[in-house]
Amino acid sequence: MTGAALSLAWGGWVAVGVALLTALAALRAGRIRRLAVAALALAPVAASSLLINALLPAGGGGLTTAVAALLRLLGATLPLTLLFATTEAPDLLSDLEARGAGRRAVFVLGAALAAVPRAQARAVDVIEAQRARGLDTEGSWRRRLHGMLPLITPLIIGSLAEVEDRTMALEVRAFGAPGRRTLLHQPPDSRGQQVARWATAALLVLGLAARAVAVAIR
Amino acid sequence: MPRSATRTLVLMPVAIALNIALGSTVQQALKLPIYLDSVGTVLTGVLAGPLAGAATGVLTNLIWAYVLPPPLQAPTAGPFAITAAAIGLLAGLWGWLGVFRSRRAADPPSLLFALGAAVAVALVIAYTFSRAYTHPGAINVSELVFVAVVTVFILVAAWLLFARRDAGAVLVLAAGLVTGLVAALISAPIAAFVFGGVTGSGVDLIVAGFRTAGLGLYQATLQQGLLSDPLDKVITCLLVFLVLAAMPRRLLARYPNGDRLVRSGSLPD
Amino acid sequence: MIVLDEAAYRYPGSSAWALPPTSLELRPGEVVGVSGANERGKTTLCIVAAGLAPVTIGGELRGRVLIDGRRTVELAGHELAQRCGVLFDNPSVQLTGLHRTVYEEVAFGPCNLGLPAGEVHQRTRSALDLVAAEHLAGRHPGHLSGGETQLVVLAGLLALRPANLVLDEPTSRLDPERSLLVADAIARLAGTGVSVLLAEHDEELLARVCRRVIEL
């Protein structure tokens, strides 16, 4: 995360460095493919940006701006992607809670991750229904819109109704109880990891401060 | 823990998932610049207040960009978490003001109020557009777009007011436009700084068009945003409005903003 | 023990009384069935008896509802949870979706109470044992059948050691085989002294496990 923040602030060579470091770490962790896919997801933006900024440099855009922006983006995206690619969400959440994040924040994050595939499946059903009516290729934009809205509305209504049931189900499991929750798993935390954490935090603070100073001087 | 807090906590993940699910399917299916990836954010803001709405927006973008595995992962969404937060905050404001309350068959004062809001919003659009461009060469494009947007808005508002007598819908329309405007204003510098002014999709051609007309990076990005964001947000807000109007009151009443959403005795259980 | 004394309830924002003044007594170890065609009425009675209405979902309660001698309106959500568990008909919405194993899912309740780890483990194991679901402990909660899910949710409720249990159409989405699993669990529970209020449309099931049945 420090890498991401520093890339955004400094851009340029720092971002390149961060990106390379991340790639190396990904190789070691066996996650290079995931990182590559994320980088590829940025490709359309990259292509578009380079093209437009190279051809139409007026008013603040230009190849250098485009490249700088891209490097910033890459430097920001890759480390964060790696973080979530290497750490299992439940472990990350347990760790957060152990450090005092509170059961509510942990619940929201965990439940959101679990809810996405479900909601995705329902949305796909809507799309399939549209496709069955042949509306994705033939219909005019008006027909497509009119066809889709009556399908999306139940999706949203269903989500709200689900909230009621889930609220009761949570309360019945004493979710509203005060005080700290018991944590069954304590993720291991070696001395080395602690040192690394402090070092990165210091690096972050210094890096951001230096950038602020550089901007102020100019 | 206060009673409504658990409900809000349960709503947020559902809303986040809704955002991501709609956002990754609707635009592809409709082939229009309508994403509906803020439906959950607006819903949460209106029902549970600005902080919950903002949190929903921010978490949606962050999870979508970095936590989800491919093929769902969309790294381009990350930096726009700030915009999403703004949308959530605004939605909280609308909820608190009671904008999303159903007001069918409204009385003259309500209609006048709605009309006033519509005029105010039209003026805001005018001001924003006039600030958005600086290069004289671009004057025709911006003015055309500006006139078109205001005309459409006034036509739709008039239809809603007089043909459907639904003052609530006009207010929602206005709210959607303002939200869209703010979203565009906040997104433009983000897009310019982080992405070099593009999004990697078809709308970049519009940006290119503006740039050819001589607009600067920021202005071109802003113009593109002003074209697509208000449309998306207006439809989002109207959709949320429709959904809330169709919900039985007992499901809405327990939310923090619940009492601003239901007028006593007006809707069936 | 659950007592309803002329209890009437209406949902928030509603003018109609969803539950007309009702009196009911559920004694320790007793299994009482609630039948009738009115789905909404049965559900309302269930959540009023358990205290979820009005404590969690709001609304207005007239008359008194007492669980083990305490009025439901005077208790907080987590206190109610430890006195009365509630099982609903839809298995999947009752799972938290936060845990990778059934064991952790069942331990969720005791963990929320902040109990010492040793006690959490003990309660989780005995709850799984009570519903005969120990073999599911290592499985992922999302990969279970409807019936297995209901058993897991039930175990999760029982881990809080409530003396009362309200079941709202627990087998309506299950096939007959799975329904039997749940029915057996209910019978075993009653044997341990837990009072059970069972709302069901399945007459056979009601006849099997209930001592008496109330018609709504």
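General observations
Order as written gives the chain letters A, B and C; numbering starts at 1 within each chain.
Here is the rule we go by: contacts are C-beta pairs under 8 Å (C-beta built on N, C-alpha and C of every residue); 3 or more make two chains touch, one makes a residue touch a chain.
Remember, predicted model here, so these are calculated numbers, not experimental data.
More contacting C-beta pairs link the chains of A-B than the other of the two pairs B-C and A-B. Taking each chain's centre as the mean of its CA atoms, C is the chain most distant from chain B. The geometric centre of chain B is 41 Å away from that of chain C, both derived from CA atoms. The distance from the centre of chain A to the centre of chain B, each centre being the mean of the chain's C-alpha atoms, comes to 21 Å. Shown for chain A are the residues that touch two or more other chains, namely 107, 110-111, 114-115, 162, 164, 166-167, 170-171, 175-176, 178.
In chain C, the positions touching at least two other chains are 56-57, 77.
In chain B, the residues touching two or more other chains are 1, 6. In the complex of the two chains, the chain A residues touching chain C come out as 90, 93, 103, 106-107, 110-111, 114-115, 162, 164-184. Contacts from chain B toward chain A in the complex involve residues 1, 5-7, 9-18, 20-22, 24-26, 28-32, 34, 36, 39-40, 43, 55, 59, 63, 65-70, 72-76, 78-79, 135, 192-201, 204, 207-208, 211-212, 214-220, 239-240, 242-243, 246-247, 251. Every residue of chain C that touches chain B in the complex is listed here, in rising order: 11-16, 55-59, 77. Residues 1, 3, 6, 249-250, 252-254, 258, 262, 264-265, 269 of chain B touch chain C in their complex. Listed in rising order, the residues of chain A touching chain B in the complex are 8, 34, 37-38, 41-50, 52-53, 55-56, 58-61, 65-66, 68-70, 72-73, 76-77, 80-81, 83-85, 89, 104, 107-116, 118-120, 122-124, 126-127, 130, 136, 141, 144-145, 148-149, 152-153, 155-157, 159-164, 166-167, 170-171, 175-176, 178.
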